[in-house]
Amino acid sequence: MNEHSAGTSSPDQATAPDTEHRRELLRTMVLIRRFEETCAELYSAARIRGFVHLCVGEEAVAAGVMAALGPDDAVLSTYREHGHALARGLTLNSLMAEMFGKQTGCSGGRGGSMHLFDKSHRFVGGNAIVAAGLPLAVGLALADKLQNRDRVTVCFFGEGAAAEGEFHEALNLAALWRLPVLFCCENNLYAMGTSIAKEHAASDLALRAESYGLSAWPVDGMDVLAVERSAVRAVEAIRGGGGPHFLELRTFRFRAHSMYDPDRYREKVEIEQWKERDPIDALVKTMKAAGQIDDAGLAAMRSEVADAVAAAVDTAEQAPFEPVENLTRFVTSEAGTGEDRP
Amino acid sequence: MASFTMPSLGADMEEGTLLEWLVRPGDVVSRGDIVAVVDTAKAAIEVETFLAGVVSELLVEPGTTVSVGTPLATIEPADADAAAAPAEPEPTPEPESVPEPAPEPSPEPGPAPVAAVRSPLVRRLGEQLGVDLAQVQGTGPGGQVTRDDVTRAAAQSPAQSPAQSPAQSPAQAPASAQVSPRATVPAAAGVRATPYARRLAAEHGLDLAAVPHAAGRPISAEDVRAAHEAAAGVIGSVQGQAAEPAEHVAEPAPEPVSVPASGAAQSDKMRAAIAGLMARSKREIPHYYLSSTVDMTRATEWLREANRNRSIGERLVPAALVCKATALAATEVPELNGYWGEDGFEASSQVNLGMAVSLRGGGLVTPALLDASAVGVEDLMAQLKDLVNRARRGRLRGRELTEGTLTITNLGEQGVESVYGVIFPPQVALVGVGRIAERPWAVDGLLGVRPLTTVTLSADHRASDAMTGARFLARIDHHLQHPEEL
Amino acid sequence: MNDTLVETTYREALRAAIRQAMLEDERVYLMGEDVGDYGGCFAVSLGLLEEFGPERIRDTPLSESAFVGAGIGSAIGGMRPIVEIMTVNFSLLALDQIMNTAASLLHMSGGQFNVPLVIRMTTGGGRQLAAQHSHSLEGWYAHIPGLRILAPATLEDARGMLLTALKDPDPVLIFEHGSLYNMKGVLAADAGAVDIDRAVVRREGTDVTLITYGGTLGTTLEAADLLAADGISAEVIDLRTLRPLDDETFIGSVRRTHRAVVVDEGWRSGSLSAEISARIMEQALYDLDAPVERVCSAEVPLPYPKHLEDAALPQSATIAEAARRTMSPEQG
């Protein structure tokens, strides 16, 4: 509800509510939600397999942060990255095909749910090693700095990653070298099944980041407009030479850690309370109050999104698998793909 | 009507147990509603429906375990939500078939090349079980003989086990360059050779068991080379006599025999094997040679009478008489019928008369007429024809190739007058028969023209002396003078 | 071709290579612990900070995982980083980034993100540095698809491998044996890039093939001298590239000599020597006139005192002994 960003960000009323932009944010969140629910359905029917981590409930983080980025910026994500990928603009078809392991998937089917990549969107992956993306983000930002490019690298990770050594090493390095990195900590309170209280003696992660010399603050991760405002402010500061920034985005996943779990580690009432703060409902409420959408418009949007996702499922199912003879491709670069050594 | 099915709730879930229904028939459900509790192997999980509508029927009782995809309930879809619902999932739980690599082309059913036994382990097993690997039909890739093949062969032919083959030493020699197990009674138990040495020995047609080497060390390539060089000078002196590697004929050859293409390579191998065996024989066996001229008058007269009422196909030939005479002589002079082994000469109770048979594709085989002394001439004739026929078609039996006790070679048809042959180790004697030719011959002081042949004996001086050999030739002569008794 | 020879050391050859690479390509930079002000733990980068400045000769905190990961990230971002890790033992702190990111990214992304990164590190024992600075773990790295593993054992390779490695579109790890930095010799004044694909015959022979790489090349050549005194002609193969292995060269040699000794400073169990031995069995069993011998380090964490360390490491006498065994193998 409240973000600590008071001071620089303006309240909604002060800026003219941009209907189109808000409809975009809403559609992104509705799309992510529908995509995730469809994944759950497909998984239940055993049509897609493996580990699948859904981000239902966390849509505002993905939609809000991506809205602050330009096409040259880079994004690193985690294994719970369907939402990030969709919000970043990776095509629905390429993502759904990747769920099915098809050749037309964004990673050629090799990655699956946890490893979505798209070079054209500078989307450097779903990384399934917790905290391993942070050093990579530092490196991408270092490359930009050494080449005098005005780019920002955004790195998503969960609060669980804050216990990893690489979190500390990477924050220190980024601050030390004042690199253009936006660290986005999606604090959904549970590292798989371990609550933040059981994992961190000092649980104020923004404060922790600040202690390494980064500008850091917590944000209401259920409010897409608040997320966007904080992200815009941080990205602008980074582009202005303000060094790395850190957002602690407080959010919650409504579903299990990976597809299904018995949720033994959290109370049903806690989940219900967070569901009352559903980020989609929250934005709809704001937009309705501002006369920016009505029930019919919302139904039409949901219907259009449902059709698009259903079409993507059909397309993915009909897409070809990579031939088995290509199994060992891409272990090393192929002739012509490397820049220097043939 | 749509089905609510047992969901897949994890990457490793194949089935689940329905613990509890949270809805009843008639209940209205929306997409995402929790409708049941399912126990996976890991936990009890509340499961949702992705269908909206009215629960029509519960198909599965709580407590039932069913596989993923099994319908648990039917739901009457609600129109309202239908527009928003994605295409109903097909009831195909598994993804479409992954394109599989093209199957390996199955081997052509053409002539099966005789696969060399190359695995050191299989060779060792063969040694331990006393199985002649050359006789084993390989079932492995490319016809390779596998360990199973060897154990199966050992179980099937106890006659080949060392215990029941007194002539063979308990640990049979490696079979690489082997012509037949009989022919390669090893010089020492537990002979070992390096893989390279084995390969070289095979290439040079040398019998590894006969390769001299330092005690306590495996035979090395150097040992094989030395043996090969030592043998090279001897092979050239092999006189009108050769052996045939059993492995080339023990395998059923495809019909008809195709000599030209595969024959060349095979005859090279055969030649190498013959070279190895003969060199070993000349290196190890101190031969002595005797010859005797036999008047075949009575034999040919007897044959003429015997054949008078026979069709061409049934006619007896002189060779049958010579064979029978030799087999009988061998029972009378047992010092020449048997094997030379580690413990010296060991006579055989039965005469298995090896017949040198030349093959159309080149080379020779020496299958044996088993228990030849016990068979009448007519039967012997039939067996002889059968043996030659099968030898040339590659249809010989293992025992015929491995259990010869004495060999006879007849080059009379080729116009040769006398044959001084090289003994097949571990046999100790070889009988040579030349052509039957009419020559001037004095009998009882009168010179006449008579059909004569020269019968020779090559014998192992370790096993017998010339006196014994002379007695043996005399017995052959005697029997040929009394064909009616044969 | 310039015939001029210059006196140099392995260390200087490495430095000359880094310098040349930095002069030729602005994207190249060196990063690691104490590469700048200190001049490099083993003085390889001494003087480069003064020449190229702190942006390109970049000291890092003691954060192996972070700076290796940053190297990977900057490689994806268009740079050509040379990351120096002080010793192979410390590289384990970055193993996750090397294995799970650098080696996997290209495949995992369906060919989209290659990682043109070079990591240099010191390996090996022989300097009484005890159990956390002395091991030879390059065999572990050679297990990983997606990496190229180099072991320069000569001045030419110290001078030339890095330059070629920097042209590789994929991650390359260079293992510099700690005992080699002071190795002196002469090098062509115009020495430069060398191939990083093939093993080479360092000494020709006919009786037995000694297969080695890196720090034990010298020891193995000494063993060949000992053998020559006995009339045994040993061929010495320097593998140079540990992944992908150049089977053709060492198998070809074994086919000629029919005997092989693999010398590997790594531990024997599950080692590179085991891999090479297996390949000889697979490809040249019927050329072998003796069992393959291996000379590896004793299976202990390396001890400090010299007599124990010497006993643990491959020595020329033990290599020669193994070679002699292949000449007259005992009954197995």
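By letter and in written order, the chains are A, B and C; residue numbering begins at 1 in each of them.
In this text, a residue touches a chain if its C-beta (ideal position, glycine included) is under 8 Å from a C-beta of that chain, and two chains touch if they have at least 3 such contacts.
Because the structure is a prediction, the values reported are computed rather than measured.
Chain pairs B-C and A-C differ in how many C-beta pairs are in contact, and the one with more is A-C.
Put simply, the chain farthest from chain A by mean CA position is B. Averaged C-alpha coordinates put the centre of chain A at 68 Å from the centre of chain B. Spacing of chain B relative to chain C, judged by their CA centroids, is 50 angstrom. With centres set at the average Cα position, the gap from chain A to chain C is 41 Å.
The touching residues of chain A, counted against chain C in their complex, run 74, 105-111, 115, 117-119, 124-125, 127, 129, 132, 134-144, 146-147, 153, 165-166, 169-170, 172-173, 176, 329-334, 337-341. The part of chain B that touches chain C in the complex is made up of residues 118, 120, 192, 194-199, 214, 216-218, 220-222. Per the touch definition, chain B reaches chain A in the complex via residues 5, 7-11, 31-32, 40, 43-48, 50, 68-69, 83-87, 89, 92-96, 98-101. Residue ranges of chain C in contact with chain A, taken from their complex: 27, 29, 55-56, 60-61, 63, 65-79, 81, 96-97, 100-101, 105-114, 116, 145-146, 148, 164, 167-170. If you check the complex, the residues on chain A that touch chain B are 37-38, 40-51, 100-101, 258-262, 264, 302-303, 306, 309-310, 313-314, 317, 320-321, 323-325.
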